[in-house]
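Two complexes come next, and they have one chain in common, chain A, joined by chain B in the first and chain C in the second.
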Partner chain A sequence: MEEMLEVVREYIIEEYVEDDSEVTFDTPLISGGIVDSFSMVSLKRFLENKYNISIPDDKATPEAFDSVNKICVLVKEYIA
Partner chain B sequence: MSHIGSYDERVKDFDWKISEKELGYNEGDPINIGWYCTDRICEMGKADKPALIWEGSTGNEKRYTYNDIRLASNTIGDFLRSLGINNEDRVCLFMDKIPELYLGFLGVLKIGAIAQPLFSAFGDESLFIRLENAQTKAIITQKKHAPKVRKILDKMPWLEHIIIVDQDPAKPLMEREVAFNLEEAPKVEKFDIFPTYAESPSVLHYTSGTTGQPKGVKHVHASLIAQYLTAKWVLDLHDDDIYWCTADPGWVTGTSYGIIGAFSNGVTQCVLDAGFSADNWYRFIEKHKVTVWYSAPTAIRSLMKAGDEVVRKYDLTSLRHLASVGEPLNSEAVIWSEKVFGKPFLDTYWQTETGCMVITNFPDMKIKPGSMGKGFPGILATVVDPETYEPFNESGKMGLIAIKPGWPSMMRTYWNNEETYQKKFVNGWYIPGDRSSIDSEGYFWFVGRDDDVINTGGHLVSPFEVESALLEHEAVAESAVVAKPDFVNMEVVKAFVTLKPGFTASKELDLQIMNFVRKKLSPLAMPQEIEFVESLPKTRSGKIMRRILHAKEWGEEIGDTSTLEED
Partner chain C sequence: MAYSDKTRGMYSDILTGLQDAGLFKMERYIHSPQAADIEVEFPSGSSLKKVINICANNYLGLSSHPDVVKAAHEGLDSHGYGMSSVRFICGTQDIHRQLENMVSEFLGTEDTILFPSCMDANAGVFEAVLTKDDVMISDRLVHASIIDGIRLCSAMHDTFKHSDMAHLESKLQLHHDRRLKMVITDGVFSMDGDTAKLDEMAALCEKYDALLFVDESHASGFIGKTGRGTHEKYGVMDKVDIITTTFGKGLGGASGGCVSGRKELVEMCRQKARPYLFSNTIAPPVVAGVIKVLEILSANTELRDKLEKNTEFWRKGLTEAGLVLKDGDTPIVPVMLFNAKLSQDVSRGLYEEGVYAIGFFFPVVPQGQARIRTQISAGHEIHHLEKALDAFTKVGKKYNILGKSKQEIIDMYGM
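== the complex of A and B ==
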């Protein structure tokens, strides 16, 4: 889990953060305006590619994507 | 009782002078939107009334009275003047929905400069195209967005100042950057507002078309006359209302009704600068006791998707009046809102170019779910035959929406592009580019766009811009971009791509291309789906036939393929 948290956090910093803002495992991503609803599609795609999973659209909600911790909980549900 | 009262009576004796009289404006007098939205309201005895209640993503809150926004806009205007910014200089506002965006907009207008708001999620390429076209002299931004400006700075010798509103004093400023902290700046009590007139330019909003680069829609200070009255009659703003317009002022709704319409009517408005979540939105309404809510179909459908259970967790009984804009509001959404909020969302139709609502549903008028409503009094709207541009004589026929020019907030031109502007007028009508029909009772029913522009979540995306960006990716040989149906956003961007030799389609490349476009243009323009194909359908002369790809996506008839290139 720890490794996944780091991988997801680093990807978010690399792809979605423009300045040197800190992103922790609990930083609000969607409600905090770091990742918008359109960009969630590319984040979901990254997770699916990286972990070879398929996340149903109805599970990819703003609430489920709102922090690195929440994302990893969701991803773990779909890892065989 | 609503402000508009009887729609039919208003139509009979309408004159824009109704609005001018209420505003105390006489033809030929100076008219400055910045003054009307702040100083005038203070002079009406509402200096201590809350004007803006702002809430950030962490729940932090800032409150401003009308006197506060008068002083803040004076202070920002004074600072801009000290940098040598003059009337008609273009000043870009490139910020999230923070107070400085709203107050900076008014400050820019007070010095007679032209406000150029741009959506803060724009990537560097989208930003550059718009700043280059406007030859923008200064940009007001946040430290989080400054890296995008720095990236293109060398290409912009005309951009003299980058004003950062939240600069960390411990960090050095870069070339042409200057820090400005509104809370620390000495408040400017007395300020010489530039005497703009009805035809003085005020706002430059950019909008996308099918071909060519985005167009800068030029508005003037007289737009206030229409924005004030449409806000009052359609949004039905009363003195004791708490109003929430969810639009970002990077787009026209956020300025026409998120700033000008609201403040010129002297109401209290709330702003939530946080990403979307159903819980957070309902909590915000409950907390601030929002009475008038102006939102967008995409948001409404997202709320529908979140379910009815979450609605019941909050006390939303403060809501009195709901309206929607951005794309057609489907009848299911209207019916759903009646069920869960006890009130229908009223659809309003307009666009960047019209500056104000032109076809809309009104309080106290019979609502037909799925209909756009009727023309605003004083605005002659109809549907014309696409061949002859003559209005249909019978109801129910599908044609092009056409509006008789002449209302106060109509755009005055496209910036540096008068030729394209002139093409928007045919046979004496302004043609917005949308198809519709009118029923026997005079209600308009939206059918679709008359071009390839993609309306995603209420924002227009040019397929040309996305295709151009795609071609800059090292793997892409050719591209075609079309709209794909989507429940929440109505349409999303889909790209068909052929690859250069040496590149192979893969999930990794798919994601890489998506992110490439997102960073270059914006998240809105990022293809939500990329289909790698061997070849694209083209005419014999080599032009890509988008309409074939579009028809396949929408399950429509492909139509005439006689000009299609044979394999």
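== the complex of A and C ==
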């Protein structure tokens, strides 16, 4: 889990953060304005490719994607 | 009565909240035609003040051009005031199709369809040509009207970092499996005045078999050697699949917009785009005016050349005065102040000196990037620009920002 948390955090920083803002495992991503709902699709596709899973659209909600911790909990549900 | 005191109070509280947050927009009433010199009533009820306008989208100075005004009068006489119908019932005149053909000729495209505004063109185009099997990949700084159009479309949506071609390429690779991929950008970005790297974008679109969409609202008529737009500037006139643009800025400044590009895509808009199907098109006098605008711009490049010279003069003057500008070469020249209150104070100071320019701050621009957005016009003469430079120097001195770096201004005023 620790490794996955780091992988997801690094992806989010690389993909979405354009200044020196800090992102912790609990930083609110969508509600905090770091990831806009328009750009969530990249994150979903990254997770699906990286962990070879398929996340149903109705599970990939702004709430479920709102922190690194929440994202990793969601991903673990779909890892065989 | 359904509009109860409780409902009224709810809205009053929201509006008060906007005022308290400094986000309440106030209109300034202009009593003269749109031009370099205007007469303004502000605040409401005050006596008229003559000011130099440096915040209009009147890039070519055509908003009140005598030939355009005359053509609009003649169009009113020959074709009437309104159509009282949408296009496909009984709302299309010969001049509507004439204008569509002229726009195609001017932009170098296969076909064009008029919309009541470019906002409507952007609202209608994506849903007309894309489906849920496709993906739209847009620059993160595209105009709000494109964002609204994207929201109305069932295709998947993703974004790339502003003008970051490596990031765009990674997105094209990520979405390789979609039926169609459409890359979406503004030609000139309205807040920063920078241009999209259309040559690189067109090459990426070819490499990854993607469509290229460009909103040219802040470019048509003056960007590129003959004013055709950003696609001319970057030498990719035949590589852009869809252009949307407006007649409400450089091209006369009245109203109306269009989708121009590959003929099948334009035809899809004619069959399916909802703002086209369910709204009247551009009124006859405005159509006649835009036809005259395109005749003027097709005859020679005098106006866009003058605009280019004015822009050079203005950028050089502001730089020599010691102000911090955003880099670029378009007539949109943002003077960076970083702090929201400072941008409002400087705007007010300029107005007192007889110069009309507006301060922009979050959420219109990113936090800490407040600015005065100046917009130069071929309607400006050098004496207008000299007077405006004097005003900037005077107000700049008052706030001690001349010759100061970004960091020094932030240290003095905060973000």
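Observations on the model:
As a working rule, the second predicted complex is superposed on the first by the 80 of 80 C-alpha atoms of A that agree within 3 Å, B and C clash if a C-alpha of one lies under 4 Å from a C-alpha of the other, contacts with A are read in each partner's own complex, and residues count from 1 in each chain.
In the analysis below, a residue touches a chain if its C-beta (ideal position, glycine included) is under 8 Å from a C-beta of that chain, and two chains touch if they have at least 3 such contacts.
In this text, all values refer to a predicted model and were calculated from it rather than measured experimentally.
For chain A, the partner that touches more of its residues is B, with chain B and chain C as the two candidates. Contacts of A:D66 after superposition: chain B is touched, whereas chain C is not reached.
In the superposition on chain A, contact of A:E18 is made with both chain B and chain C. Of the two partner chains placed around the shared chain by superposition, chain B is the only one that A:I30 touches, whereas chain C remains out of contact. Looking at the shared chain after the overlay, A:R45 reaches both chain B and chain C. In the three-chain superposition model, chain A touches both chain B and chain C at residues 18, 36, 38-39, 41-42, 45-46, 49.
Those residues of chain A lying in contact with chain C across their complex are 18, 36, 38-39, 41-42, 45-46, 49. Residues 57-58, 96, 121, 143-148, 273-277, 279-280, 302, 306, 456-457, 507-508, 510-511, 514-515, 518, 523-524, 526, 528 of chain B are the ones touching chain A in the complex. Across the complex, chain A meets chain B through its residues 15, 18-19, 21, 28-33, 35-39, 41-42, 45-46, 48-49, 61-63, 66. Against chain A, in their complex, chain C makes its touches with residues 138, 140, 147, 150, 156-159, 161, 171, 174-175.
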